[in-house]
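The following pair of complexes shares a single chain, subunit A, combined with subunit B in the former and subunit C in the latter.
Showing the complex of A and B:
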């Protein structure tokens, strides 16, 4: 049967247009040559999980007509300042290449990358139909770049700067928001919560007023409450709102705001609440029953009782991010009121304090695990934990998919019996068969890794800190977790043996990060030599690793698979094998 | 797939698959030569050491922590042997002098902990001891020809008379400098491929936005840089310059909280005027720039308790750029600096550490109490001495006005 000639291409293309998931598209492309060709010409959405795994040229060669590009740059531990500045993840080669190859590009989503104002300007001028710009934890740009985007992207729908670092340049030409032309009306989503600088209220108000499709508005701290009321009245159709500061409690502002909020019948998601005077909280009570998402993790002024009052009214809540001011009592109230809860994140209010400042223990998490049957994603900071609690949580919630526990003091044992928490985490991986992401903490031996290797068959991302005794621990994970994609390790006594013995595994993963471990420079060299499809980056600020003995451990190690070879933008503290050596390989 | 998960299985796999590599016969040796650009270590000694390591691995030994510990202690002993062969790199390092102190002593680096420490469960078992930050930062404070902070506080009359003491903020070499290692091209480096020229920094009052493609920094001997600190929270603070209980020493990146969140919390608590005497919340990252360096760095001011610690950390971070400058001025990047050229550079350069305060003014670092400094410091800049003239009087005036 001749597959190629029996079906016209257009029909296949039409069928393929319903297939969106990358995995499915990848599968389609392996059927036969003609399907490969049709698929690659019709792929519109590309996700590159590591910007150094593939080059812009390779991407463009394979997929000539991409409309939505998503790139991730620095390793996850860069969020916690473990990756020195200047390491890399520059997006400019991608933008430069896309500017000529993809004139119809509509969406760019970047995470942990460095983007300059020049790139922003190039984006604004190269893509006539540009619609979506999401910069998550990015840096390297200023309000000048934003002004270019505002001025030139006539079809912009979404501008989301979540948690990026933006340099504020006080421009004489006016605030960047005022660069949106007067006839620009297509804004749907604006997230400027990370901006430290003042915002031009007039420009903001006018912008909000003339964009009837605006659904998401996340303001920064600098927008006071009285201004917020004005904005809400201009955009009562808002679905997602992030407030600014709200510290002064004034009755006139209060009533104005109350009125404004009562007009927002579509509001489902709230965030912001910086420095909120608790007296303002009642303005959102009418909204609470409709809320599905609530982010109070910056609301350092709201204590337990107010939190309980608020949360107890949110019967449809699915996602809650909150500070540990909520305490065990609040979490119990949560578990009673919010039966639809899917995701919970509890952040520490005083992460560097020596003594606990709130009554938040493992019990809060246990309550929620009992009361919320749909809970599957957890990030929890606390100061004590027990194997019993972990076992209970595991048994209550076998549907857990993301479990990140951070016991603040490294190597904290089970507070009841002073043993390691191996058994507790073992229960988690054993019972939660769909667990995809896991972060460990507390006192842990090699045993916990044996459990993870044995049971964590669906595990894709594992974060380890201050754990384990020997290379066996690492070996268990690398040899047992079949679906492991990202492994990040810090301050563990893992060395060369497990790494070298499982070198082949590294090609099946996106990346491996190891810092403050015991991997020697010699092993890194060996790995780099033997595995040409891996980039083995030694990140060491102590000077050339070759000036120390080969058995000397490296500071940090980042290994990732790549088909584009060595990168050329490495700073001085990154060391890797030199491909252009005069001596050659043999 | 894996039958019995023991270390023996791992070792078998290791030696089977990689035994060739470890034994370093023939071509492997040549590659080693290429990757090794210090001149002190003979290649044969290196191969012998690797063979010794190999034999240690295959002999089963019971000891705390498993075979790993055994391997480490034998590696330690061979390393200590080798230490004598190593040239003293630290002697050639550049230093930032602080008012009122000498630079900390230069000790040869120890890559591995002494075997005694293997009995504990060290947090960072194999990191070199970080001097100047968690240990003995104060031991070398000396009245010398530099003003101490305490001197400053005692009265400004003193300041007037010794306004620019000779050693203030100068780079200096150690007295026992040996011949610096020949600084050469590191083959095991990322220097292959194109060197992308950095476009010139925007001039004027604009803060430097980091351009995306950096110049490849000259491959030089570089002392240990600091990316904040990473010391054991249990061996907490050794700073002894405050009467209040010292803040808990922070491990870099732990607990794992994003900077944005940390800074938000910090700002909130400041606004709420909490005066509990609790340790300062959160990190305080400020950018550090240096004239001529291709990219900026960031330091967390809360990880230091004194000017001395900050100075040491910055020295380490930026001395590479000083050498790099020398390289860019006429010595092509990949050539080796001669010994005399290096010495000339070290003696000749003069750098001053300044900071931008909340009012936007550029001030000389070191005049105000440390706590006041980190409260008002927005960014740091390492300036050439000649550019910094005129800062000190302003600093004095401001302090006077505050008092």
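Showing the complex of A and C:
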């Protein structure tokens, strides 16, 4: 580009600094060599969707000055115990590499990765300007690692442990929270909701009291309500709050809390409410009109009538996570009161019960789809569904972008006519042209995949379980969904044919997960041999796949594209293409 | 039933064939074979090698990241399915096929790793472990409540309901009452309700619950002060209640 070379580098760099989206930056880097160079030196934020797709060395070589690093590790189905313990997603090589290459690193965000206390300590000591640590569904660390972060990260703004598993090494006086030095005042966001053990309340109170910029505080269950009132009075500027346990209803606590809440004029998001005595709910009524986000999905003690009273006052609610105690009646009230609702998640209170324990059916979702014009993201667990309902929902909400429906019993047909739900889900993909994420359930044949392949042009992530009849199903999806990035399948009769015929497609996706399907070991071998830019991982806890016939189906299969070749940290139950392994070219 | 595949399958003009099915990986299943290929000649072997040797220089690191614009370089799949009048796909599921599938599914049904649900399938329904734990805890509490129902302290309670009636006696009052504990979540509301119940019988009771102390009999037959224990402990073990006049 002749024009490009007439601009001094500084000018280009300045222009590029306004461009933040990865997609745009990637595009810029392909214009010409000099733009590629300027862009790579100035990229500050990197997102790696699969930590095994690229190595730390490659990352550092290309982007020498990264300030914000985000990594994702295990496949999504790890959330449901489908990925055996020890599979991988260790972050330590990344931290080790970054500790020398990126001294100015400010933010680390990890999802489904394994991080050790040693890594946490290394983070705390290597990055002088470290500001943000988000560990989402991570594991492998304890409160000792947190103590190191607290003690050494002078500029820490955000510590968010959302849904991680933290081992609690409860040393009596060495409580990790008290490791924040007395002159540390920069905390903006603290989420410790996942911690099982008690936190030192004195340390917490003092911390909250001396951090004037604190806007997010998500407490864990062990913080009782009377203590909460104290914290709220110290931090009335809070915007997001997660309460602790609240089971014993006491009038003195009630009035104290009421007073405290009334002082929080900025509060927009509430969560927590473990074991809350419904008698306490009135303390939050004054804040309800300001609330945009409400997470009641841990609140198993609040029944339908109280839920209705609560949500009916939340006229500005945009996001609601709730248990199915809300029932159809509650969802109807929601649809009448919360016209700004964007996201709804309804979780099952008794997921393993055979009989329905609540009056929650497809009708609840239909009501919300009718009454809430901005609703675009849904996660819904229920026990019955019909094609009619799905069609209605699709027509009501063509703006749907994320639709995850879980009918609890696998292969449940349309309860009205006992047919498959192909047509219903077909309506969803047909009408919702911007649908990016879809999870299927219920009785489904290959036909539903035909619809998905035909209409799901913007679909990026698809989750399939107990569905389909043959390889045709898989083929429809792989050949039709142009923007597919992640596909996860379990317990479906999909085998080798569709997979091998669409091998090239796999390089355009981040990953494919298939478990309890019919893909044979031989096909995996072939795929691994012929596609050097894919890692084909056979996860099989029954022992070496080579000891069984090649036609034998593998237990689990995880295929992902990568430019860094085989990984070196595979456990014994993972087999891939390797000169020495059974999958090799021998 | 003939599957009318109205899909316009992408035909790549540069005909970069990429069907690994050619590689003689013989599916046992003749039915699937009939439906999805094979229909290729040996020239595809060269094509495949070409694709594998795609100019590696062109592949930038951007491809490892989200939404890379380089994706278009990757070859498309060939039309996989050729339909002619003789094909009758999915007419009948191959019984052999079904067998394989069923045994595969059966093999995966196991005691769902401590889900507490004996016949559970692993990882289904798809909820995270910590949510499952929460559900279990709550089920334990409900089970206790239902246990009360089964122990005979029921007053017209149906099995499906969660009502939990226990006998209440007030000191000095001949006739006992029954109260549904499932309607309460705290001692405050419970004692208020009880005082209301007994008001007509007691002149001393000015709806002032401070005049009376609530005691309960637990499963071991011991009488305890209700206020001494958290509500949760109380509700799990209470068998019957008594209101004692508090002296001075």
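Assume the second predicted complex is superposed on the first by the 572 of 586 C-alpha atoms of A that agree within 3 Å, B and C clash if a C-alpha of one lies under 4 Å from a C-alpha of the other, contacts with A are read in each partner's own complex, and residues count from 1 in each chain.
Assume contacts are C-beta pairs under 8 Å (C-beta built on N, C-alpha and C of every residue); 3 or more make two chains touch, one makes a residue touch a chain.
The structure presented is a predicted model; accordingly, all values stated were derived computationally and were not measured.
Overlay on subunit A: subunit B and subunit C clash in the combined arrangement. Residue contacts after overlaying the shared chain place A:500 against subunit B and subunit C alike. Applying the stated contact rule after C-alpha superposition, one finds that A:249 touches subunit C and leaves subunit B untouched.
In the superposed model, A:279 lies in contact with subunit C only, and not with subunit B.
By the touch criterion defined above, A:18 reaches neither subunit B nor subunit C. Shared-chain residue A:563: touches subunit C; no touch with subunit B. Shared-chain residue A:47: touches subunit C; no touch with subunit B. When the shared chain is aligned, subunit B comes close enough to touch A:140, but subunit C does not. On subunit A, the surface patch touched by subunit B in one complex and by subunit C in the other comprises residues 77, 79-82, 137, 163, 194, 247, 275, 297-298, 300-301, 347-352, 381, 406, 408, 410, 439, 450, 453, 463, 465, 469-472, 475-476, 479-480, 490-491, 493, 495-498, 500-501, 503, 516-518, 522, 526, 530, 551, 553. For subunit A in complex with subunit B, the touching residues are 77, 79-82, 84-86, 90-92, 114-119, 137, 139-142, 163, 165, 167, 169, 194, 247, 274-275, 297-298, 300-301, 347-354, 381, 406, 408-411, 439, 450, 453, 463, 465-466, 469-472, 475-476, 479-480, 490-491, 493, 495-498, 500-501, 503, 516-518, 522, 525-526, 529-530, 541-553, 555, 566-581, 583, 586.
Listed in rising order, the residues of subunit B touching subunit A in the complex are 1-2, 5-7, 10-11, 13-14, 17-18, 21-22, 27, 30-31, 34-38, 41, 46, 49-50, 53, 57, 65-68, 71-72, 75, 78-79, 82, 89, 109, 111-112, 121, 123-128, 181, 186-194, 196, 206-207, 209-214, 216-219, 221-228, 230, 233, 247-248, 250-262, 264-265, 268-269, 271-272, 278-283, 285, 295-298, 300, 316-317, 320.
Contact residues on subunit A toward subunit C in their complex (touch as defined above): 22-23, 26-27, 29-30, 46-49, 53-54, 58-59, 62, 77, 79-82, 137, 163, 194, 247-251, 275, 277-279, 297-298, 300-301, 347-352, 381, 406, 408, 410, 439, 446, 450, 453-454, 463, 465, 469-472, 475-476, 478-480, 485, 490-491, 493, 495-498, 500-505, 507-508, 510, 516-518, 520, 522-523, 526-527, 530-533, 551, 553, 561-563. Residue ranges of subunit C in contact with subunit A, taken from their complex: 3, 5, 7, 9-10, 16, 18-21, 23, 25, 27-29, 31-33, 35-37, 48, 51-52, 59-71, 74-78, 80-81, 89-90, 93, 97, 100-101, 104-105, 108, 113, 115-117, 120-132, 134-135, 138-139, 185-189, 230-232.
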